[in-house]
Amino acid sequence: MTSAPGPSTLPYTYLGPEGTFTESALLQVPGAAAAPRIPSTNTAAALAKVRAGEALAAMLPIENSIEGGVPATLDAISGGDELRILAEAVVPVSFVLVARPGVSLADVTHVGTHPHAWAQTRDWFQANLPDAVHVPSNSTAAAAYGLLEDRPAYQAAVCASLVAERTGLAVLASGIEDNIGAVTRFVLVGRPGLLPAPTGADKTTLSIPLPEDRPGALMEILEQFASRGVNLSRIESRPTGQFLGHYSFSVDVDGHIGDARVADALRGLHRVSPGLSFLGSYPRADQQPPVVHPYNADQAFAEADAWVKALLGR
Amino acid sequence: MTSAPGPSTLPYTYLGPEGTFTESALLQVPGAAAAPRIPSTNTAAALAKVRAGEALAAMLPIENSIEGGVPATLDAISGGDELRILAEAVVPVSFVLVARPGVSLADVTHVGTHPHAWAQTRDWFQANLPDAVHVPSNSTAAAAYGLLEDRPAYQAAVCASLVAERTGLAVLASGIEDNIGAVTRFVLVGRPGLLPAPTGADKTTLSIPLPEDRPGALMEILEQFASRGVNLSRIESRPTGQFLGHYSFSVDVDGHIGDARVADALRGLHRVSPGLSFLGSYPRADQQPPVVHPYNADQAFAEADAWVKALLGR
Amino acid sequence: MTSAPGPSTLPYTYLGPEGTFTESALLQVPGAAAAPRIPSTNTAAALAKVRAGEALAAMLPIENSIEGGVPATLDAISGGDELRILAEAVVPVSFVLVARPGVSLADVTHVGTHPHAWAQTRDWFQANLPDAVHVPSNSTAAAAYGLLEDRPAYQAAVCASLVAERTGLAVLASGIEDNIGAVTRFVLVGRPGLLPAPTGADKTTLSIPLPEDRPGALMEILEQFASRGVNLSRIESRPTGQFLGHYSFSVDVDGHIGDARVADALRGLHRVSPGLSFLGSYPRADQQPPVVHPYNADQAFAEADAWVKALLGR
Amino acid sequence: MTSAPGPSTLPYTYLGPEGTFTESALLQVPGAAAAPRIPSTNTAAALAKVRAGEALAAMLPIENSIEGGVPATLDAISGGDELRILAEAVVPVSFVLVARPGVSLADVTHVGTHPHAWAQTRDWFQANLPDAVHVPSNSTAAAAYGLLEDRPAYQAAVCASLVAERTGLAVLASGIEDNIGAVTRFVLVGRPGLLPAPTGADKTTLSIPLPEDRPGALMEILEQFASRGVNLSRIESRPTGQFLGHYSFSVDVDGHIGDARVADALRGLHRVSPGLSFLGSYPRADQQPPVVHPYNADQAFAEADAWVKALLGR
């Protein structure tokens, strides 16, 4: 490459290989379909590319997913140089059974796929291919690509529909997942400096170390939210480091740091737990605006601030 | 009066007549001993003088006192045009028995005083003048001044020592109160615009209407204090108006509105109860500084504010 | 006394003299009008009669009243041998002007009454007898009885209508109070052992020492109520003893100790403040039942208890 | 089988195959080493055996583990017929590299193991066998057993040391995990009726549906713990069913339902969230007793209960 690339030519990265649910999630990001996209083999590699400035942002699974390895994603984001969640994406978890053109269901004796995908299609195989033998692979996409190689050890693979489109493999059956309607949530992670604008239906993700392990310490943290009418949509205690009884809380709250009630809760949290990490404010995938009581609206905060300023003669 | 008086020529007022414990409290205010002082016959009259600009400030009893009529003082302060408490004073409740010069204890058959003072000296009279008959008066000072008139209906009066000094009456006995060590608290009330400087050992007085009469509403108010480490030193529920079940809370908290934790609590309170009244921040009479945890100190608030501002790119 | 008296022959006592608002309050108690009633000169004397078994119960003012001396009543009740509040009574504060038969308003130059009553009829006298001179008395009733004596120092007295009926004095004017609609609250106090039955509209009075003077200690107490949906209808901080910063809270809550939610709150309070005093559960004077959420009703407590017992195999 | 088996002949089950970390955990249970043990292929199958009475109890991973699929374990336990956690076990996550006897490290070009185990030994292979190719398997144990079959596709396997002992395979290297000191937590699950006795260092696991999705609802739940001094050692929000915004909380708390403070918190929780599930009280694996303030100890609860009973005359 002979000329320095502008920021816009930086690629996106995602948990690969090509054709995973994670790439499907990335394709939901406006502009990503037309942008360069490079797969990463794991979360750490993807985040390293972003931190090194080699990727604009990384799409990663944030909830338990078919591609595994998820609960620690938020730990990885908050662990090193500061990063920010810029967007979330929700992708239906739906599988197809693919094979080389010309292969029929009756020909299938061995099926390649990731162990999790195999576990989530038990009912369909019980009903349709009860004698099929599972050949494990490192990802659903890898199993599909394996069919394109010389002499594969299986005749069909369970994977996402995206990889079927990419490879031109034939779809023998679709919607073969046991749990209809399941979705996986993903986040797009970039470097700080790109705070997404408030949309009125936003989410803020925080990592909050527990000040001390005593009864009520968690409640002190939650009071900072409740006293400003900020609703939690997710909370998870995470052990920190080697010491038993040291916890951090990973939470999602409704609202954007640009909302006065969220900013005020963050101020309160910073006092009781100064080591907290702000992982980002970004639009909710479901675009559901929160219900905010008038006394927690921006105007109530502005009026309260003006009142105190007047009393102080400022 | 031919020339416009400067503010410094405005008199102080107090619950009279001259020589009451309330005047003793006023004399504790720096400069008040040398300033003009005019008695008022009741709380309403004293506050009216201040509101009308005829008095610089009024000294009034704030806790149950020998001169009576106290619980409503704070209601009267918060009820009309805005006023501010500028200082508090604590005066020992100690009585003397006075008579005209030449009168001895043995001559005393009737004793003039306010009913409350009579009630609070029962033990001394039982032991020393068991047959003395009580002649009620409107104040302890009035009883003493009565001795200077023609043909008083009593030979001695129970009053504060200040009135004995003023009148030149002879002190037959002193420290005759039953409850040694009792004190009464007074406040100096002026118009807004004179916020006393923080001293590090201050008190803030508020009147807070209860948002709604439901279980937990009072706790919502108190959480605004607790979540900033602001300690309450007094709380009293006060019925408001004619409607049953409508309350206002009269509270004293440790700290000055100039302290970040108090200002922040006030902001929170203004949201949940926008009709609250700020009655003043002023030095504590006992000069006891509060214990403030580092995470509630001004610096912690400043750091939290700077952190959120930086995240918002402001 | 040679024969043991039955409990029914014990008299009631009240803050006297005869004809006070306090006696009016006592007459609201079923059966009290036909029972013997003896006045006491002050709260301590009345409670001493009850503690000594010389009186069945004492009626005492509990809120600021024309007869004064009230805020300490609850302290006096909780201070010595255990006593219980058995009932509350509310009496309108309304005054009449009385005189000997034949005396007309035009004859009145001096008016006897308690200083508080004089203060509360200022408007009427301003409008109708602007030149009347006040002659203080120890109670409104005492002023009225004074008119029956030889050569009274005043021609008329301000008192409660009850004393007018008793004395046969003529009523020159009635409803002369400035603050129409004011009421005073009284309580009937007896010895333990007579817990009034729940009526569905009850009140419970407690005195709760603050465990420690730290931010949040008061909130810990209030959480015991809030977590069971028990509403406070009155709260007052009371300094305890000589030490600064030691407080006790005097509270009234909606409900009866026989209600599961109140009993459970009391259990919680006993743990955090074992020195608390139960001053009684008794019918509300206004007969207003509280709003109780189903999950705080007796049945919810019974179901929760049964569930835990079953899990424990008990 | 011609005679009915006694309960003691019922086997334990665990997430198989033989030699997994889960079987190691099971072997920590007193008596399990001498009892019959049958592997299950997944969590659902293991719990089905327990519910059907075909297994005495099942050992299952409860925290993210090398054998995957864990976050939903507690959902599976609370989802059907009632089950109880009877014990917890903690197992160090440590890997060995095994091969057929006679094979040396230099012979290894391909390595079989579960994708997660491969991910967690990256550093060791980078340093020692940088060119080794990964052959995925469904579990670490399956990879090891594969070496015993005819013509395996790899020369070495990464697995737990237990499976090395079982198979007689040679250990080429041990302690090859990147993250020294990592542990995985397991629980032993049986049918109700076998509540383990309190040991003084116990844990209680609950699943608590959120009453309503409003700010503060989670705090209401946590107040039930805090007001009794019950410490949470784990909390996780879990979406329930298909509806967005419906949550359940999975929590571990310090203490046993036989402790008065835990039983009382459960009573309170049952009122605010009657659909909660009690998943068991059982000894903590780390045997750490909690710090319990005297006012939350059994005696304080007993005294409070006795006090209220006496007031009620019961």
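The letters A, B, C and D name the chains in turn, as written, and every chain counts its residues from 1.
Here, contacts are C-beta pairs under 8 Å (C-beta built on N, C-alpha and C of every residue); 3 or more make two chains touch, one makes a residue touch a chain.
On a predicted model such as this, the values are computed, not experimentally measured, just so you know.
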Checklist line | Chain labels contacting chain C and also chain D | finding: none
Notebook entry, point to check: When chain A touches chain D, do the two copies use mostly the same residue numbers, with over half shared, or different ones?
Noted result: same
Check: Between chain A and chain D, what is the separation of their C-alpha centroids in Å?
Finding: 25
Notebook entry, point to check: In whole angstrom, what separates the CA-based centres of chain A and chain C?
Noted result: 64
Check: Could you say which residues in chain C touch two or more other chains, in rising order?
Finding: 223
Note to self: Please list each pair of chains that are touching.
What the structure shows: A-B, A-D, B-C, C-D
Next item on the list: Would you tell me which residues of chain A are touching chain B in their complex?
Entry: 195, 220, 223-224, 227, 257-258, 263, 266-268, 270-272, 274, 278, 295-296, 300-301, 303-305, 307-308, 311-313
Notebook entry, point to check: What residues of chain B sit close enough to touch chain C in their complex?
Noted result: 42, 64, 68-69, 71-72, 114-116, 118-119, 134, 136-139, 181, 213-216, 218-219, 222-223, 225-226, 229-237, 242, 244-245, 249, 286, 288
